[in-house]
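Listed below are the structures to be examined.
In the two complexes that follow, chain A is the common piece, with chain B as its partner first and chain C second.
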Partner chain A sequence: MVERTPFLNFFTHVILFVGFVLCIAPFAVVAIAASHNLRDVNDVPMSLLPGSDFWLNIKTAWTTADLGPKLLNSFIMAAGVAAGKVIISALTAFSIVYFRYPGRTFIFWLIFVTLMLPLEVRIVPTYAVVANVLSPYQAILDVTGLSWLIEKVSGVQVSLSLGLLNSYSGLILPLIATATGTFLYRQFFLTVPDELTEAARMDGAGALRFFIDILLPLSRNNMAALGTIMFLWAWNQYLWPLLITTDQSHATAVTELKQLIPNVGGIPEWNIAMAGTLIVMLPPLIVVVLMQRWFVRGLIATEK
Partner chain B sequence: MASITIRDVKKSYAKMQVVHGVDLDIASGEFVVILGPSGCGKSTLLRMIAGLEDISGGEIAIDGTVVNKLEPRERGCAMVFQNYALYPHMSVAQNIGYSLKVAGVPAAERQLRIQAVARTLELEHLLDRKPMALSGGQRQRVAMGRAMIREPKVFLFDEPLSNLDAKLRVQMRSEIRKLHRRLNATSVFVTHDQVEAMTLADRLVVMNGGRVEQVGTPAQIYSRPASRFVATFVGAPAMNILEGTVELDGVSLLGGSRRLAMARAGLPVGTKVAMGIRPEAVRLVAPGTAGALDATVDLVEELGAGRVIYVDLDGAPFSVMTSEAVHPEPGSAVGLRFSPDDLHFFSSDTGTRLEVFKASVPEPVF
Partner chain C sequence: MEKRVTFSSWTIGILFAVPQLLLIFTFFYWPAGQAVYWSLTLQQPWGGGNIWVGLDNFRSILANADYWNSITASLVFAGISTGLAMFVGLVLAALTDRQLTGSRFYRVVLIWPYGIAAPALAMAFRFILAPEAGFMAVVNQVWPGFWDPGLDGTDAMASIIIAFSWKYVGYNFIFFLAAFQAIPRSLIEAAAMDGSGVVRRFWDIQFPLITPTIFFLLVINITESFQDSFGIVDIMTSGGPANATNLMVYKIYSDGFKGLDYSGAAAQSIILMVLIVVLTIFQFRFIERRVHYR
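Up next, the complex of A and B:
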């Protein structure tokens, strides 16, 4: 319904503008702070007119926190999580929606439950598993007495070990194992008409063929939306990378920002910290700008 | 080309049985239409032939090979769906050629065959379009093309015309008929539209409640319906049915208010019967004419070429179809006359057709 309501239009635009200012103001302050020199940034109140040291601060932040390799790490992690998530969610949703097998509902609920157990809740056990991926199997062997048996019989002491600390897989894999994407796909797959599935069967396409030729192209938008969300989410991860990257070589940009934050009693170089923040904020911003069109289409479910 | 043999085929979902032992033989090259109201199991039967539904009991054989356990692609059937089920992200050419691509036919040969099919269906100028940019009739033709390109042994149609508007439906109907004459492939067509069924079918299968009521040519189904259901389902307006009881020298109708004088014609006295007469077999005569039924006009429906006159026969509704230029006023009295040859008798209990010796029925006297 299209109505001509000039006053209401004006009013809603005012609200929209206020919201926009509320959202953008902190970023503006960050950008302005990043352009001041050490003295100006510590003025109270800080001047809201941009200073002239912007590029210098950016450069200092870049070298101090060694952001080049850290951004690369962040990018690998975020892209890995996004890609892994898109693939694994599509596959699990495909299995849940299109196949009837015993235990299907149980598996569905298992996946569902992970929604209530985000990484932060199970961070200790997850850390233990990543420190030694095989530890659950070791535990099973120990509890059932199998390792005792093996040791008695063969004289070999069973000690399984495969650590993923300080590795990209360690960074990426635990972040992939959540249910959000599965549900997005599930909802989409449920809207795909059954007749399409049947037409593909009549055309001789097997399950995998149907998945690749029909379902995946149809869910392009969903993939883009999920990929974008997951990229941002993974990029902004702090706790997990902090925990498992004890070695600088795998640290991510977000955790390294801490290097730039002035210590108590140190030089209050907030201008450098803000410049670093700007740099770290940029890649997700670019991703959102590039993916925006697909992203919105993917979330407004049906395309007619 | 292939024959289809269906032997005692049953289908149940959980505890609900929807198809109760269907037997049917479809000859090679025949065009068979399965007609029935919604929920009668006709689509289920078609989908069992296609392999989209498991067969709960019985056997389906195509060309003598039992296909119960075969995947759809191994059965040599192609299907046209009600909603066309075109792949929305593929162009018309890709849609038509998809089955060949899956089968691993080389691209060059695929192109040739797509071109050939497109020519037959006059789709050549649309090959690069996406289904979204096509009209209903064009989509329908693409769906047909997708079925044709595989040169299947059997064509299956699942109410393919019901999403089209009336004019296009008539046009597509004759195109399907022409196509069948050209390809001469065995075809099974499911519909709930009796006009579609009558015009397309070599042989008609009328189903109701998961059972086959009658199999026959459209003419046979129309002129000698095997059951009360078939009689009232096929033909528009529906056949008039008057309940009655067989007496020594005739049939007492409408709870005894009218009597039809005739010999017993082999039916035991006291048999409850339903007497049927098609609206188009009734002639309008002046009220009070000897041997005619008197009735009151309720409503006249003008159809252009003719009119349907709904009358009240002692409280029972009755319709008459006439092409004569008569326009009786609602509320006026008319006489109804018909030939005994046009009467159908069905058992009131089972609904099955009762054969009476027509020769023994004189001109009816009421």
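Up next, the complex of A and C:
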């Protein structure tokens, strides 16, 4: 530091330490409560020394909420969203930055506006669309009179129907349909020197070749950051999976947590609930700890 | 900003944008339009299409005391949790930025909570703040009946605020720290040479320089408090007791999917959309300012 401030330094250490304790305490409490037996966890005050039933509780929580397949579902969904975002955003950003076609600005704004309205806000109609993902196109055909025309000409009645409830695509696709990643790539593409593009063109590279061989390898850092942040974001989704997975087979680990809330009658099984919570919060925590650099970078870059 | 060198083929260019456009048309624009349509019509109870009712859905919602209660609860929640999370995040970031021994360590650990799913941390806090077990039970033993989120609306509101703030302190911390570290060291050192102390430097140099970040986080925290609160409310209180924590998104969910009142839920969605769009536009104005600031 610039000058000696022993008193203030002491104060700084104290506050930061308190902040650290408050930050860590809930994790610790969950882990400790998960290791107690039913009687100890309901003791007031609960003992802060770990009990001996940790693996038993983990096992019980695992089977009660059927966490194995649910964690797999969560993983598929999170990986799908992350991969989809990384790929589709790159394609769109490339289109917006490197081409001049009529309506480009319009497309830019069309995509930009999606940043404003999160999925939670338009949840009811999105649900209806996912129930039959072709319904918008059916409606367009109906309104424009095309379906009448097709029926007259070919005798086939047009009724498009494709339900995505209880499917991985239903879980994943609506979460990809926002602009978050597009602007991250756009910012980066704008900093790529024009000379590089010129050189590539001079060597005879077309748009596709330039994109795959030059632009994508250059954006590796962006991809890691975006992928990390999207993986976490998708893993932590709650409302959307809760709605569209009416069938247990596609439920995710986070939505299954609700099964573990102790019921009011009887002695609450907090030890089991905390063991389940620990299992569900561990994967994202591991990602944050291991991918910290990308996480912070992605967070700051996607939001700005 | 524009590229000087571009590719000439229109078709390839548009093809690259097609996947994204299809997705946002199907899952964004169509549902958003649908919400507007539903909010202006009423579904017949036995099928048979929607009848046009104009602004009646909005009128009946705005005349409904439950809805105003939900708005008030959302605003109280947004205001207190944003204030708490931002204040604590700011203090921790300012102190970490002093770069004493161990600040590296805090930089790593303090952002962990943000990685946790809202329902998972809600579950943890449901236990920690439970009146009969956990830690508030100790307080209840000393003062019986002091704390019961299951019966007392204020306690329930306090619980969800604590859970939400705990998560977002880490988030604000990251952004504040980044903002502090973007301030040139030479500015701080020059001020120190001129004899200003740590506190003076904070208020006269660092604080004014991070105001854009403060505005930015203010908006993000408020909008997140509308969205990310759903999981917390659903796990901790289910909107109760007596609707004390029935926040706006939770009410849309329960009216639309439990009460099957699509028109009412759609009208509520529209109101929330307008609210968030206004906030976002507000934020973009400040982002503009930030660009000119440096």
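The rule is simple: the second predicted complex is superposed on the first by the 254 of 304 C-alpha atoms of A that agree within 3 Å, B and C clash if a C-alpha of one lies under 4 Å from a C-alpha of the other, contacts with A are read in each partner's own complex, and residues count from 1 in each chain.
Just so it is clear, contacts are C-beta pairs under 8 Å (C-beta built on N, C-alpha and C of every residue); 3 or more make two chains touch, one makes a residue touch a chain.
No experiment lies behind these values; they were computed from the predicted model shown.
Trainee: Looking at the combined model built on chain A, do chain B and chain C fit side by side or clash?
Mentor: Chain B and chain C fit side by side in the superposed model.
Trainee: After the superposition on A, what does A:M274 contact: first (chain B), second (chain C), both or neither?
Mentor: After superposition on chain A, A:M274 lies in contact with chain C alone.
Trainee: In the overlay, answer first, second, both or neither for which of chain B and chain C A:L165 touches.
Mentor: In the superposition, A:L165 contacts neither chain B nor chain C.
Trainee: Looking at A:A131, would you say it contacts chain B, chain C, both, or neither? Reply first, second, both or neither.
Mentor: The answer is neither, since A:A131 touches no partner chain.
Trainee: Thinking of the overlay built on chain A, is A:M202 touched by chain B (first), by chain C (second), by both, or by neither?
Mentor: first
Trainee: Return the chain, chain B or chain C, that is in touch with more residues of chain A.
Mentor: Of the two chains, more chain A residues are contacted by C.
Trainee: A:I76 in the overlay: touching chain B, chain C, both, or neither? Say first, second, both or neither.
Mentor: A:I76 sits against neither chain B nor chain C.
Trainee: Quick one: classify A:F94 as touching chain B (first), chain C (second), both or neither.
Mentor: Only chain C is touched by A:F94; chain B is not.
Trainee: For the overlay built on chain A, what is the smallest gap between any CA atom of chain B and any CA atom of chain C, in Å?
Mentor: 7
Trainee: Give me the intersection of chain A's contacts with chain B and its contacts with chain C, in residue numbers.
Mentor: 198, 201
Trainee: Quick one: in the complex, what on chain A touches chain C?
Mentor: 1-3, 5, 8-9, 12-13, 15-16, 19-20, 22-24, 26-27, 29-30, 33, 41-46, 88-89, 91-92, 94-102, 104, 107, 110-111, 114-118, 120-130, 133, 136, 173-174, 176-179, 182, 189-190, 194, 197-198, 201, 206-208, 210, 232, 235-236, 238-239, 242-243, 254-255, 257-258, 260-261, 268, 270, 273-274, 276-277, 280-281, 284-285, 287-289, 292, 295-296, 299-300, 303-304
Trainee: So in the complex, the part of chain A that touches chain B is made up of which residues?
Mentor: It comes out as residues 193, 195-196, 198-205, 209, 213-214, 217-218.
Trainee: Across the complex, what residues on chain B touch chain A?
Mentor: Per the touch definition, chain B meets chain A at residues 50-52, 71-73, 77-79, 81-83, 85-89, 98-99, 102-103, 146, 150.
Trainee: Tell me, which parts of chain C touch chain A in their complex?
Mentor: Residues 1, 3-10, 12-17, 19-21, 23-32, 34-35, 38, 88, 91-92, 95-96, 98-100, 102-103, 106, 108-121, 123-128, 130, 132-135, 137-138, 141, 166, 169-171, 174-175, 178, 188-189, 192, 197-198, 216, 220, 223, 226-227, 230-231, 234-235, 249, 252-253, 256-257, 262, 265-266, 269, 272-273, 276-277, 280, 287.
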